[in-house]
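Two complexes are shown next, each including chain A; its partner changes from chain B in the first to chain C in the second.
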Partner chain A sequence: MSIFEYNGSALVAMVGKNCFAIASDRRLGVQLQTIATDFQRIFKIHNKLFLGLSGLGSDAQTLHQRLVFRHKLYQLREERDMKPETFASLVSAMLYEKRFGPYFCQPVIAGLGEDDKPFICTMDSIGAKELAKDFVVAGTASESLYGACESMFKADMDHEELFETISQALISSVDRDCLSGWGGHVYVVTPDEVTERILKGRMD
Partner chain B sequence: MECVFGMVGKGFALVVADSSAVNSILVHKSNEDKIMVLDSHKLMGASGEAGDRAQFTEYVQKNVALYQYRNGIPLTTKAAANFMRGELATALRKNPYMVNIVLAGYDKETGPSLYFIDYIATLHKVDKAAFGYGSYFALSMMDRHYHPNMTVDEAVKLADQCIEEIRSRLVVAPQNFVIKIVDEDGAREHLWRRTTKD
Partner chain C sequence: MLTKKGLKSPGYLKTGTTIVGLIFENGVILGADTRATEGPIVADKNCEKIHYMAPNIYCCGAGTAADTEAVTDNISSQLKLHRYHTGRESRVVTALTLLKSHLFRYQGHVSAALVLGGVDVTGPHLHTIYPHGSTDTLPFATMGSGSLAAMAIFESEYREGLTRDEGVNLVTKAICSGIFNDLGSGSNVDVCVIEKGKKEYLRNHLTPNPRTYISSKGYTFSKKTEVLLTKITPLKELVDVVQVGGDAMEE
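Up next, the complex of A and B:
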């Protein structure tokens, strides 16, 4: 079993009309044993920027702590929040620094940039950025997620429809992956508010 | 074949560990204490490589004490858990500690808490945790019988059921177990479950 599949994870982010949604599963496992069903994989960097980290749980926690630290320093120096594009470049640089001893994580970054334009991107474990206009996926269930998102996604959905779509895509994909699942955690972010919801799926 | 497990009850947290020190086929001793009392209100049950276990638990215990001397107040359980995770994460890519930890603590403001810390520094706050081959039996027993806000007697009864499963179903089961408890009165040894005397 690869080190990326040690803990099991599923992450997806989607773009809507002036909003975005980011969702993850909730399982923390040690190979085939489930340890917890309330593990947090999506972290808020600031009100309009969310970071999801799939892959090895330990490296996800380390990376999250380092990135929050860097962002807080940025806030002190620049007296404003980081733009999502800038943050993505920061994550990419930090991951490439460890090119020959990498963090075993695949980040998914989602935010509202200039003029509240939604921005999503993913990258591999050494920082190769992949910008997308519609959706990005990561984790052990990524192949199922690609299929589900490709068929369910429509451009310019409003936040209600976006929530339904991303939830269905996540649940149907993790149901086919034994290493991820045990519910879902969905954040829908519009320029005015952030809505956090827990999904109940197949608990197995 | 080491096993450590723990659970949270009403106003207390329980940690159970086997007490065998084994080298290949030889049992050196069967009253080895693997649950270290970190400070007045914290218990750290550790399993894994014997040398790493002793070194790491002592290192954490002394650093927890140092923090208290320097700052005049003790660390919270969450802070101690994060300190341990940090040390494990830093060592992970140099000289990893092969130690799995169940940290139980009682804080006046937040009550009892239990933390699962893997040897690769995965940290998670949980209600029940288990490590080792015994975890396959202990976790399943706890999934079936655990409920929030158990009394001490109920929790000890559940721990006994887990120990019974481990004794009867694990091929090279440890002989003796120690049960330690932490509540608002502090961390202390609670019970022993012996099949052999040392």
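Up next, the complex of A and C:
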């Protein structure tokens, strides 16, 4: 079994009109046994920047702690929050530092950049950035997520429609993956507010 | 160590790829496809494989995506520092030596196969660099999983002294051959034309694979998602302005 399939995860981020949404499943498992149904995979870096980490749970938590540390130092030095593009480069550099002994994580970064323009990107475990204009996916359910997002995504959705689309894509994809599921956790971010919702899904 | 115990190592993002370069009468033309693969899945349908090294030097990369990005970014920074130090335009052979030394030091573990091209004071140059650090200097070159498909086009139609348009057409044809015949390459064609004193980066010069049969209606969901909990955090604080009686200047 691959190390990425040890804990199981599903992550997706989508771009809407002046907003973005990032969603994850809630299961934490040890191979086929479920040990938690409320595992946090999406972390807030600052009000307009969210980081999702799929893959090995312990590497996700360690990487998150290291990135929060770096961001806090940046805030102290620059007296402002990091732009999403800058943060993505930081994550990429930190992952490539461990090129021959990597973190077993695939991050998904979503944020509102300058002029509140939505930004999403994902990387592989050694920091190869993939910037997309529509959606990015990661995790054990990624193959189903690619298919679901490809068909359900529309450009320039407003935040209501974006929430519905990303939730349907997530729930339908994790239903076809044994290692992820047990509900969903969705954050929809517009320039004015952050809406966090917990979804009801199949508990198997 | 872990692989010996049977651990399957994670699949890295690879650029399956067709990358090409050729020398024409006034300079160098580089071309690349835009598909990035993660095993059999297409992870990115429109990635950039032609990397900036210097204002007069560009480099196409095939192999592990993180390695090609990191090595070209690193050597690009080193070239910039070198330009500040010497006060001169960078030479292609400088980039070549920096890249090959780096790759040789890592004994092939940095999986980057590159096509480096540029125009400097000594003229136009085109080189290929292999992951273990060996290099070739050629008038036309192809690398990546689609290199055989592209080389077939070059070997039959390349000649010295091509004009700019003939060169761009030939490069496009070679990349298209890779896109349609190699499964690791796909999507669009990127072209970069470098001449003495100027360069033109034609991103998505040709898009022969548009999305067909897009439903204009889109998806509608009859059954709404069931939400268990909603938490709204306002980002902009609503400020109440309380007008205290009297002038602002009054104590």
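FYI, the second predicted complex is superposed on the first by the 204 of 204 C-alpha atoms of A that agree within 3 Å, B and C clash if a C-alpha of one lies under 4 Å from a C-alpha of the other, contacts with A are read in each partner's own complex, and residues count from 1 in each chain.
We adopt the following convention: a residue touches a chain if its C-beta (ideal position, glycine included) is under 8 Å from a C-beta of that chain, and two chains touch if they have at least 3 such contacts.
What you see is a predicted model, and the numbers here were worked out from it, not measured in a lab.
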Combined model on chain A where chain B meets chain C, clash or fit: fit
Of chain C and chain B, partner touching more chain A residues: C
Partner chain in contact with A:S172 - chain B first, chain C second, else both or neither: neither
Computed vertex angle (chain A) for partners chain B and chain C, CA, steps of 10°: 130
Touched partner set for A:N7, first chain B, second chain C, both or neither: first
Touching partner for A:T86 - first (chain B), second (chain C), both, neither: neither
Partner chain(s) touched by A:L28 [first = chain B, second = chain C, both, neither]: first
Partner chain in contact with A:N18 - chain B first, chain C second, else both or neither: neither
Shortest CA-CA distance in Å separating chain B from chain C in the superposed model: 11
Contact footprint of chain A on chain C as seen in their complex: 7-8, 10, 12-13, 36, 38, 41, 43-44, 47, 64-67, 69-70, 109-110, 218-219, 221, 224-236
Touching residues (chain side chain B, partner chain A) in the complex: 85, 89, 92-93, 116, 118, 120-124, 126, 129, 135-136, 139
Chain A to chain B touching residues, read off their complex: 6-7, 28, 30, 33, 35-36, 39, 56-58, 61-62, 101
Complex contact set, residues of chain A against chain C: 1-4, 47-48, 92, 95-96, 99-100, 102, 104, 123-130, 132, 142-143, 146, 151-152, 154, 163-165, 167-168, 171, 183, 191-200
